[in-house]
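Labels A, B, C, D, E and F are assigned to the chains in the order they are written; within every chain, residues are numbered from 1.
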Amino acid sequence: MDTINGADTVWVLISAALVMLMTPAVGLFYGGMVRKKNVLAIITQSFIVLALISIQWILFGYSLAFGPDAGGHGLIGGLQWIGLNGVGAAPDPNYAPTIPASVFMIYQAMFAIITPVLITGAFADRMKFSTFIVFTLLWTTIVYDPIAHWVWGTGGWLRELGVLDFAGGLVVHISAGLAALAAAIIIGKRIGFKSENMAPHNVPMTILGGILLWFGWFGFNAGSALTAGSLAANAFIVTNTSAAAGALSWMAISWKHGGKPNALGIVTGGVAGLAAITPASGFVGPLWAIVIGAGAGLLCYFAMHFKNKKTNIDDSLDVFACHGVGSAWGVIATGIFASEAINSAGVNGLIFGNYVLIQSQIIAVIATGLYSLVVTAIILKVLDATMGLRVTDNEEIEGLDITQHGEKAYV
Amino acid sequence: MDTINGADTVWVLISAALVMLMTPAVGLFYGGMVRKKNVLAIITQSFIVLALISIQWILFGYSLAFGPDAGGHGLIGGLQWIGLNGVGAAPDPNYAPTIPASVFMIYQAMFAIITPVLITGAFADRMKFSTFIVFTLLWTTIVYDPIAHWVWGTGGWLRELGVLDFAGGLVVHISAGLAALAAAIIIGKRIGFKSENMAPHNVPMTILGGILLWFGWFGFNAGSALTAGSLAANAFIVTNTSAAAGALSWMAISWKHGGKPNALGIVTGGVAGLAAITPASGFVGPLWAIVIGAGAGLLCYFAMHFKNKKTNIDDSLDVFACHGVGSAWGVIATGIFASEAINSAGVNGLIFGNYVLIQSQIIAVIATGLYSLVVTAIILKVLDATMGLRVTDNEEIEGLDITQHGEKAYV
Amino acid sequence: MDTINGADTVWVLISAALVMLMTPAVGLFYGGMVRKKNVLAIITQSFIVLALISIQWILFGYSLAFGPDAGGHGLIGGLQWIGLNGVGAAPDPNYAPTIPASVFMIYQAMFAIITPVLITGAFADRMKFSTFIVFTLLWTTIVYDPIAHWVWGTGGWLRELGVLDFAGGLVVHISAGLAALAAAIIIGKRIGFKSENMAPHNVPMTILGGILLWFGWFGFNAGSALTAGSLAANAFIVTNTSAAAGALSWMAISWKHGGKPNALGIVTGGVAGLAAITPASGFVGPLWAIVIGAGAGLLCYFAMHFKNKKTNIDDSLDVFACHGVGSAWGVIATGIFASEAINSAGVNGLIFGNYVLIQSQIIAVIATGLYSLVVTAIILKVLDATMGLRVTDNEEIEGLDITQHGEKAYV
Amino acid sequence: MKKIEAIIRSEKLGDIKNALAVAGFIGLTTYEVKGRGRQKGIMLQYRTQEYRVDMLAKTKIELVVDDPDVEKVVEIICKSGQTGNIGDGKIFILPIEEIIRVRTGERGKGAI
Amino acid sequence: MKKIEAIIRSEKLGDIKNALAVAGFIGLTTYEVKGRGRQKGIMLQYRTQEYRVDMLAKTKIELVVDDPDVEKVVEIICKSGQTGNIGDGKIFILPIEEIIRVRTGERGKGAI
Amino acid sequence: MKKIEAIIRSEKLGDIKNALAVAGFIGLTTYEVKGRGRQKGIMLQYRTQEYRVDMLAKTKIELVVDDPDVEKVVEIICKSGQTGNIGDGKIFILPIEEIIRVRTGERGKGAI
């Protein structure tokens, strides 16, 4: 019988609180970037996902993602744990042997919550609120829960393949990033895209969101150690380091290329660095974190630049370029820089002579990305045909705050 | 001799920090809802209560509330602990046997601080600042400290009666909610009430406050376990669940009834869910938390609706409808849904066949509510006759920021 | 061999996260006080320091500050630990015997980060961004790292002298405060100083920053105990108490003297109280914290008043008057009120009959203050002659946001 | 046709707006301005300092009316906008040469 | 010289501004206003309450042009500013007696 | 009586306001506007993109003065408002037919 460790329990509980804070932080991060008439709409989306998935998770989401594998194919969890049946004070040795299973469950709930919130940046300023609610429920159930099972669930096929994803590069960021790409394409461009000035209405709000994200990400990554010790410490340190390196590399490249070191860009670089280190944070050391973070800043910068210059896709707040690209890099970088010296439960990466890990990492990126892209597209097409995805043109012009929520943000 | 447990100490300290954050969060939550000319006034009220009661508490408040019962009637603590005399590194086995007594003391300080801050929503936009300071000191000393003693103090009469209030439904929310009702009636309506447009000046500010409240409430409820284990975990989970359910039920009812799913309403529903689960959080499981939270959303919605349509009371930011009604429901729901399986130190509620608990819960609601209502009314009447409660009409029209604090919030 | 304590590790990790949050909190605190055209500039400064020093610290800063003394003069750490060489999971018994050395390292990183951010208030609205980056790197390396070594490093000369600085009164606040004084004098006055209205553009933003500072300061001071027990609890309590006393004394004096109890002043008083208690927080009890905090409010008030009336120095956001004066008082107060009963690793102060401690405390204030003043002045003079410190007059008039960062804060 | 520009106390906007509507003057445009006049400014505080702000927040109402209505409107504004204290504001009457409704291109009185 | 004041839908500002520039009318000044007219207001919500806001956000454009250009400008604004729904706004033409360029002190047409 | 409307650089407001007060012109009203003229806009950045904002922040001053004072005021505004660079702004003079003080109902010059 495993026994509960108080320090580990505190660590995961407080980490859960930190990750919870990240969800509305995404709302603020995005909210500052949209136009004044749509700020409440996007913040409300983050808030309502928090409410909705909190309930979905305890009713059946947790069981689908982490429950005993259904059928043994490693595709989805069974329904044994619906309504948190059997998820209580006793630890679950498959996931976290030193804390109550309920603590692991609520910590994981926060990941399931934040993931669909990331997507909202793709269809900012034009999504119908009622459809959004249905989309969130479907997406979390059909896309998120299975992917979480593949990568983290007992018997999940990617887990069995030896894929390493410490804190959700695949599960959270790839899945949201590719869903965002699908969503941006299917919902179509905002009215006025590339012709009207759509400058951020409140940059300090975005920065505040970015600050809270950086802060909460300590819980996201270091909490994923699930114990309070040197592994958590390593994750904490590399998280901070990669965020810093991402902010600096973005600043440097944007200064050289084009213009001035803008605040929004620097914060974006920090978030790119955070997204990239997420899968790697329990497997790489601080010096490699500089490489990962700096690489993320550069890659996301050029991905955004490419999107703006060469495509007509209106991924409004660049969810794909930031989270999709950033974390694809991070998952692959894990295959390169992972070290058993950092985490004895991990394996060595390419630079330590292991050619196997990087292969499964690449497979995992493709599998999760493709699954999310395709299934998200199907969900959206169905919703478009039934409820309608998009508000009317008049509503879009008047703004979502008034037309969807009957409110104005500021007097 | 009890020994100190490091994990429990960390848990309660960090919870104290989280609850501290809730106090200015109430300031922001309320601040966004008032008109631009009064935003600094209400935020300053939250800030100055934090300063004032921090000192009151260590000088004598803690002793009144938690000190050895004075006289044995269970009405008030003695003065043995003034100036924190004897409240040090050694645990107090009556309250928390595994952490320093000083940790319990500072954790409780944060509850004493936030309670009067909740009341400020009732007399927003018209309270004289100097009188407010005196009111806060008197109210905390004469209303809060005794009620805390009744419910939580060794020998407190409601505690002896077997009343269950895990994290302050009675002590914090009922006491503040009823005080708010008294205050709204006695201070009278704002100039322009029901004729002028008094729309919130900055909804994102209110949402930010709401976010920080949800975040801090993990410390409020789960911290009240006073140990880091599965009881804290349960409180954490039901807190999140009830908040979610409150937000969803408010959204649903307001969408059906009247209009659109507005952001402010959804956040309000979340706060109602949080207030309701507070007394129950250590005694009920997650599925009942859905019932409690959803019920709170509905009850508070209709309470507010009733107030607006049927009364002329200007409880400006609906403190009574939200905290009073929400927590009355929560205290009674504890009497219905409490389960010894969740907390062996608790007792079973109505649904488990125990008819006794709910009776004492109802008695407690009435006793604390009535006491707060009456004594608050007396304090305010006395202050009105001596210092004056309300600013002049001209000052009210010009706004409290300029007239009370010599400042403008925004340039 | 020391063993790792989970609770202590959690405590220091979460404290590190809290201190990290303080850095952007300073950005918000300052950001609300500047004019609308410069708000992004000052927030970006805080953000970029976070990025920059996060990297500097792991590359060589930590080694310079805490590495084995180079040469045995107690002036600077050696280069043995560059790139975190040897700083890993094993505890360093010289600093914190119960947590991984890496945890101590990242906790200390947050102190090195916040210190240069404090200085930015002195040259707000006119500093060239490129020069600022170079200044930050030089200043942290030549001023901060040595002073940290003197006071806290093994073999540091002030540490050997018996100087007590629990959480950075000397290392953080004196060093930043005196650097600010040098900076304000050398960069010169803002255009329009004392003639134009430079009222804060967004007081709620400043208050939000102040709130997050108070919250984070629990990690700053109580985390400095490096263990989770009654010493941390004491630091937590006196931190809260001193902040409260500072806010109240500032309110009182400003109300008597001059005018109205303004929100910005009350928050400033709180920050003064926090700065003052920082060095003392592990050595004095709660009642003396009232004295320290209240004294800080008064002293900083009069320092600011004096600066405004009697000098022509444009320390724009009063960094010297708040952090310099506040912490000088705090360091000396430690020499007066320190008690072995609070911390057996400390010594008694003046009121307990020990005349020695206060002498070394005064020496420490002078040594660190003078060193920071002089070396900062030299750095700035060199930078002025090479890169230029200040933007052009036109850029200053147009605002730093547009001219340095190509952005506007609000649409 | 005339254009009436009135600078008023912001807190009187509600009353004036309503009184105008009651009298049949629906169309109008308002915006926030800052004004200096005989009214002395307000003293504000910034930490240890006091400073005077001489520009006070006011609201400006603009409405275009037919010539015979001018006096009525002036009277309504004066009546609903008065507190009797310095700072109640001013009304200016300007000539208008033409007025066009954007939606229809209609001109003259009919477009008011 | 005449001053043209147009109250328009805010979302049409971009189109109107661009159309004016294409026609050679660069100089102009704009600001945000609130307007009441035949257009009914919007319903907003505050917790359990609904309330009507009768003043809608509009944008005002002001530009001073030479007399012969007035008609051209009016036409451009009407054309680019129309949606055909109530609330498209109004244009007012006012006489200008003089115009001075601050930079040079230049007067009259040349200063436009 | 004339109404003087001046669009100026916002950073010059302080100087102009003070110079007017010194010359005895206390009463005035100001507000923030955006203007386009010969001055080229500013380049702003949004992540990887640059975009030009062609409307620059300006301040508008309005004051009504007696006819003989017009020249004096124009001169003061020009002098205190000049930087010599493009973008210093414009002054427009409009006729005023009547002026009323809200507080007293007083009319004409005395109401200025």
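The rule is simple: a residue touches a chain if its C-beta (ideal position, glycine included) is under 8 Å from a C-beta of that chain, and two chains touch if they have at least 3 such contacts.
What you see is a predicted model, and the numbers here were worked out from it, not measured in a lab.
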item: Where chain A and chain D overlap in contact partners, by chain label; value: B, C, E, F
item: Required minimum of steps from chain C to chain E, each step between chains that touch; value: 2
item: Pair of chains joined by more contacts [C-beta pairs], C-D or B-D; value: C-D
item: Approximate Å spacing (C-alpha centroids) for the pair chain A, chain F; value: 51
item: Rounded Å distance between chain D and chain F, as computed from the means of their C-alpha atoms; value: 18
item: Numbers and ranges of chain D residues touching at least 2 other chains; value: 31, 43-46, 50, 53, 94-95
item: Two or more partner chains touched - positions in chain C; value: 5-7, 10, 14, 197, 199-200, 208, 259-260, 262, 264, 405-408
item: Pairs of chains, among all present, that meet the touch criterion; value: A-B, A-C, A-E, A-F, B-C, B-D, B-E, C-D, C-F, D-E, D-F, E-F
item: Complex contact set, residues of chain B against chain E; value: 197, 199-200, 254, 258-260, 262, 264-265, 268, 301, 304-305, 308, 318
item: Sites on chain B touched by chain D in the complex; value: 192, 195-197, 397-398, 402, 405-408
item: Interfacial residue positions of chain F with respect to chain E in the complex; value: 2, 6-8, 31-38, 54-55, 58, 60, 74, 77-78, 81-95
item: Residue ranges of chain A touching chain C (in the complex, touch as defined); value: 5-8, 10-11, 14, 18, 35-36, 199-204, 207-208, 211, 214-215, 218-219, 222, 227-230, 232-234, 236-237, 240-241, 243-245, 247-248, 251, 259-264, 266-267, 270, 285-287, 290
item: Complex contact set, residues of chain F against chain D; value: 3, 17, 21, 26-31, 64, 94-103, 105, 111-112
